[in-house]
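Next up: the structures, one after another.
Same chain, two partners: subunit A is paired with subunit B first, then with subunit C.
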Partner chain A sequence: MGKLTIGTFSSLVGSLSLDFSVKLAEAAVKKGHKVDFWMSGNATMLAKKGQKAFKDYSFLAKPIQELIATGNFQICACEACAEARGYHKEDCPDGFIRKSMDWYLASTFDADRVLHIGGD
Partner chain B sequence: MKLAVLMSDYRNGIDMIDRLSAESLGIILVGNGVYHAAVKEGGKTSSLLDKKANFYALTEDFETRGITAANLDSRVKAVNYGDVVDIIFNDYEKVVWI
Partner chain C sequence: MATKKLAFIVRSLPYKTEASRLALTHAIASQTVEIYLNDGDLVEASVSYVGDGVLNCLKGQQGMKHYGITTIEGHAKNSLLLDMRVLICKEDLDKFGLTEDNILMDAEDIGGETKANVVSYGEIQKEMDAATHILVC
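Then we have the complex of A and B:
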């Protein structure tokens, strides 16, 4: 099995690319791979506690917690991007990491595959 | 190099594909990119399908848009998320998102 690093900049709810990357991560973990999931820009909105689920609305908080529970999935928000948007350490959901982009870079260096998904 | 391209848009990006050079190219249609697999304009299929590549379309995304597997162009293979993981890991070396 291998390691997939996914970096995404897409908005929560506003862009389906973030949903795609979470579903791809789910499929990869299910196949026995490890996944590192990096969020920059508007994707850091996913690293915000207290998101609410609405019918027919994208709600990624739950699948993310299930992925974290597998132990084969790490999720990290860009600290600068989050702070720039007013999200502080205490706003971060359980199991999320907050680092500078060095974390993403290091993750890509020992990944078997890297998928970078740009802005919205 | 064997390159997989996740094509997520219908209107933009085909010119980018022309600028990519790969020994083997796989184009995985996701999001609005799935329209390349089924939509005809002026009676013609998408020019993307004329590229020398293997074509795949994500079932969840085309079915969400009311397209069925029977509507897909014969050059395009329907895949699910698990297949996409296998394609990325086993059939290609690098993967990019357009």
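Then we have the complex of A and C:
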């Protein structure tokens, strides 16, 4: 099976691009692929614990935890982007990684496909 | 030992969103990626500016004055200092009435030797064709 690296800059709730990225990751993991999921910029808001589900807003915390539990999904937030937004390592949900941008580029090295969603 | 080529395609306006700045900071991060890779393996990044993205290359940006943040021009200059391949779409510059005089073409003032290249979109297409992965920002 293959490895997919997904990178996104798109914000949580403010755009559905992040939802699309997570759905794509779910589909890939379900097919048996491994997925590395990178978040920069506003996308790092997904790496903030304590999110609540409302019917007017998408709620990605649950599918992300299910993906992490498969063992075939790594999720990593840009450390500087998160710190700039005022949340720190202790604010991260369990199973999330925080690294600098070179983690993402390294992940692309052995990825079979890279999907980069660079808009906001 | 292998080298993977990443083509960052910048098409976002500067300052309106963070996307173009992030494209540059990610591309520059290719300089330290070896810490995660096996000896001899490399990730090589290039940056191409197309569409509205060519406006990121304007000289004389005043990000610090108006927003208190570093300029995208500064990051672009750093990418040249690091000998990154930089392509700027000529057709899109023409649409904005811009010439090489208006845009950042080198980083000589900080010791850089590499220059940016103003090229036709066809050349940027070739850059994308040669890349292992394309990252549109």
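In the analysis below, the second predicted complex is superposed on the first by the 119 of 120 C-alpha atoms of A that agree within 3 Å, B and C clash if a C-alpha of one lies under 4 Å from a C-alpha of the other, contacts with A are read in each partner's own complex, and residues count from 1 in each chain.
Definition applied: contacts are C-beta pairs under 8 Å (C-beta built on N, C-alpha and C of every residue); 3 or more make two chains touch, one makes a residue touch a chain.
Note that the coordinates shown come from a computational prediction; the quantities given were computed from them, not determined experimentally.
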item	value
Simultaneous placement of subunit C and subunit B on subunit A, clash or fit	fit
Which superposed partner A:Thr108 touches (first subunit B, second subunit C, both, neither)	second
First, second, both or neither for A:Gly2, with subunit B first and subunit C second	first
Which of subunit B and subunit C A:Thr70 touches, first, second, both or neither	neither
Angle at the Cα centre of subunit A, taken between the Cα centres of subunit B and subunit C once the superposition is applied, in steps of 10 degrees	70
Partner chain(s) touched by A:His116 [first = subunit B, second = subunit C, both, neither]	both
First, second, both or neither for A:Phe20, with subunit B first and subunit C second	first
Three-chain overlay, closest Cα atoms of subunit B and subunit C, distance in Å	6
Common interface residues of subunit A - those touching subunit B in one complex and subunit C in the other	113-114, 116, 118
Contact set on subunit A toward subunit C in their complex	7, 9, 40-42, 100-106, 108-109, 111, 113-114, 116, 118-120
Contact set on subunit C toward subunit A in their complex	2, 4, 6, 12, 17-19, 22-23, 25-26, 29-30, 32-33, 35-37, 41, 43, 45, 132-137
Residue ranges of subunit A in contact with subunit B within the complex	2, 4, 16-17, 20, 23-24, 26-28, 30-31, 33, 112-118
For the subunit B and subunit A complex, residues of the former touching the latter	6, 8, 30-31, 60, 80-82, 84-86, 88-89, 94-97
